[in-house]
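First chain A sits with chain B, and in the next complex the same chain sits with chain C.
On to the complex of A and B.
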């Protein structure tokens, strides 16, 4: 156990304050259980998600730079976000400010007009909740703290798009990303859940797309993409898809229901945030990690596995 | 010559003759199919510049047509007509009319960034798709796509308040796109959720439905963003040779 990341700034983002509140709750509970401290960014704003970049990519940089600046002003050099969208956008802003003069100029101009100080690249590191637990606790220590092993639970680990792409922002280990997860074969979540006793299945669609960007605006496409993720997970023998992104998670839940209603295709694999699985392994109850707040109902499976 | 790759040629560009005799030779059957002569004169010389002037399209000139983008594309796997490499090709040589044939699907890019990750030339095809979709809308070739409407509803909440609230977002989007506010599949899900009595969640959702979550002291940001958007819009329209004052749609 190192002292790294034991106290970090916390950026939940809009999704975790809304429909994905079970991810917010379970992240905080797991942190508490492991003795890690989260200090929420004061008066944060939306990162721009997948939408503001389409209005203007530099506005997204500006929005995320403001959040990084808040972390800096609060005296933190690390900000942790469990949401792939927020994590991606903060990392992208950091990258753009470090590499692109035009982005720097725009952010400076907008900050000036908004009567604030612009954020300078290099002051704050953005990490994902996966990096946080992996580096602050590590798999060995986690294994020791497991009270209620996930033994016998077959899990497909699903990371989605925003956590690993594009390669400029999330380089492979041999290309400057010494401490980042692999772009092509991410495994941080696999490692953590394995340490908690889960039986990870070989899932080839770890970083495939769920169509989250168009989940409502092009629902049929999203339903087809999600159905592929679900049926493949089932074919791989998974009972649960572990997620680490609120957009993916809710997309999988919504389009699982939609696939059944609209396409007549029923799948029974369950979705749980990896923090919910870790929390239950650490001895928290299903209710404490907000299983009842998920859109889909996985309580009977968890009870069957002795995790309810 | 028989044409071996007929499937690559659009039907309307093929001429078939059941029975054909040319200079006394019977060429019926496979030998009677011809490709229609086609002369393209209406190249749009500034098409690449147009796309490059819109956010995301800046690097289109770097493309050397390797096809990695299409090969890895999420949407191409569902619909072979969704072909980023081909569209980049058409834009670069200025074949506007051909590009416009696919105007109904270009917006469907889901921004999974697989193309941008594999592109050996840093063309950023994901950005090019976005720029092209915007170009089609700015030029008036397509109405605003559902994705653009969603982006606008979403962004306007962020710009106005600093945060979004999902309930309003969905309602406003369904309303703007003329869809039922209560989608059947969604109603079932939400009913199931409510029956599990997530008191905390329901209280929070109820509160944010009443009071929009917001970032404090946001007004300076709101004004700075509005001013910037107006400037950028004018720049984009000017680059495309459109009148700088946008007529309301």
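On to the complex of A and C.
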């Protein structure tokens, strides 16, 4: 076990305080169980997500940069975000501030108006919850700490699109070797869940679009995309789709129900956050990791597998 | 010209017997369908689909063309590469059952590609939410402005 990332700033983001509260709960519980410390950013704000970014990308850069500045002011050089959207936006702000003078100028002006100091690129590293657990604990140590193996549970690991795209804002990825994740075929979640005993299936749609951006404007498209993700996971033999993005997770859950209602297509595969699966493998109860808060009811499957 | 949704429907109705054959014809049909799906996006943007290849595949050449000036189109880059990967593995796989499994995975990926691009086309018409729709919205706004200006000047052509 390394000392890297043992105590990091925590940026949950809006989704984890709302529909993805079980992801928030399970992330914190897993951290506690593994002896890792999370210190939530004080007075954090929205990362700018999709809406602000579409309306004004530079404003999104400022919003994310403000969160990075808060982490720096709290004395941290690392901030961990479990949400793919937040993670992506903080990484993008870091990249833009390092490479684009116009972004630096805008952030400076907006920070001045907000009566704060502007964030300077290179002060704080943004990591995902996958990086956090994998680098702070490692798969060997995790394997030793497993109390209730996920053995026999067939899992399709689904990363969504924002964990790896666009590639240029993730310079640490694609470096080759097991310690650098791949933008084409990410494997960090696979590694962690395999260490917890899960049987990962080959899933060819790991980074394919979940239709999250279409959900309100064109629900049928989202439902069709999700249905294809679900039926493919089932065709690959998966009982569970492990997720690490609240937008994807909630989209899969909602459109699974909608696919049955609108298209008459029923699928049985369950959705669980990877932190929920890890938590149960570490000996936490299904309730402690918030399984009851998910829309997709996986309790009978977990009971059957001895994980409930 | 068939829409991506038409392609998705035909892929989904492919029988497992067809995919079990693992013939060069089936592999080629899967890749050609991928090309046709990307062409539909390019043609809808008043461009001529390229015949160029990238890394030996026209599918990747078409993807590069479609993604030019539209970074969000990269969201299907990995689907294109995965389609090629699954077809390649099927080609060299000696065990017929494994080969058929890879072709079925290729068909799932192809289906996703069709649905994704159909969604983007749909969104382009709606002109909301998806960042890929922005250039089309701008073009539409410019057209409307030109129309209004001409209309105010009494030009009804």
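Please note the rule applied: the second predicted complex is superposed on the first by the 298 of 308 C-alpha atoms of A that agree within 3 Å, B and C clash if a C-alpha of one lies under 4 Å from a C-alpha of the other, contacts with A are read in each partner's own complex, and residues count from 1 in each chain.
To be clear about the criterion, contacts are C-beta pairs under 8 Å (C-beta built on N, C-alpha and C of every residue); 3 or more make two chains touch, one makes a residue touch a chain.
The shown structure was predicted, so the numbers you read here are calculated from the model rather than taken from an experiment.
Asks: Sharing chain A, do chain B and chain C clash or fit in the superposition?
Replies: Clash.
Asks: In the overlaid three-chain picture, which partner chain does A:216 touch, first (chain B) or second (chain C), both, or neither?
Replies: The answer is both, since A:216 touches chain B and chain C.
Asks: State whether A:19 touches chain B only (first), chain C only (second), both chains, or neither.
Replies: Touch partner of A:19: chain B, not chain C.
Asks: Looking at chain A, does chain C or chain B touch more of its residues?
Replies: Tallying touched residues of chain A, the top partner is B.
Asks: Contact-wise, after the overlay, does A:55 reach chain B, chain C, both or neither (first, second, both, neither)?
Replies: The first partner, chain B, only.
Asks: Which partner chains sit in contact with A:161 here, chain B, chain C, both or neither? Use first/second/both/neither.
Replies: Both: A:161 reaches chain B and chain C.
Asks: In the overlaid three-chain picture, which partner chain does A:204 touch, first (chain B) or second (chain C), both, or neither?
Replies: Second partner only.
Asks: Output check: A:181 vs chain B and chain C. Expected answer is one of first, second, both, neither. What do you get?
Replies: Touch partners of A:181: none, neither chain B nor chain C.
Asks: So in the superposed three-chain picture, is A:244 touching just chain B, just chain C, both, or none of them (first/second/both/neither)?
Replies: After superposition on chain A, A:244 lies in contact with neither partner.
Asks: Taking the superposition as given, does A:191 touch the first partner, chain B, the second, chain C, both, or neither?
Replies: neither
Asks: For A:229, select first, second, both or neither according to whether it touches chain B, chain C, the two together, or no partner.
Replies: second
Asks: Identify the residues of chain A that lie in both the chain B contact region and the chain C contact region.
Replies: On chain A, the residues that contact chain B in one structure and chain C in the other are 50, 53-54, 161, 165-166, 183, 208-209, 211, 213-214, 216-218, 221-222, 224-225.
Asks: Quick check: in the complex, which residue numbers of chain A touch chain B?
Replies: Touch list, chain A to chain B: 14-15, 17-19, 21-22, 25, 43-46, 48-59, 62-63, 66, 106, 109-111, 113-116, 161-162, 165-168, 183, 208-209, 211-214, 216-218, 221-222, 224-225, 253-254, 257-258, 260-262, 290, 292-297, 299.
Asks: Can you tell me which positions in chain A touch chain C when the two form their complex?
Replies: It is residues 50, 53-54, 161, 164-166, 183-184, 202, 204-209, 211, 213-214, 216-218, 221-222, 224-225, 228-229, 231-232, 235-236 of chain A that touch chain C.
Asks: Can you list the chain B residues touching chain A in their complex?
Replies: Answer in residue numbers: 55-56, 74-75, 78, 108, 110-114, 116-117, 122, 124, 126-127, 130, 134, 145-152, 154-155, 157-158, 162-167, 170, 173-174, 177, 184-186, 188-190, 192-193, 196-198, 200-201, 204-205, 208, 213, 215-218, 220-221, 223-225, 227-229, 232.
Asks: For a test of understanding, state which residues of chain C touch chain A in their complex under the given definition.
Replies: That would be residues 8, 71, 74-76, 78-79, 81-82, 86, 104-106, 108-109, 111-112, 115-116, 118-119, 122-123, 126, 128-131, 134 of chain C.
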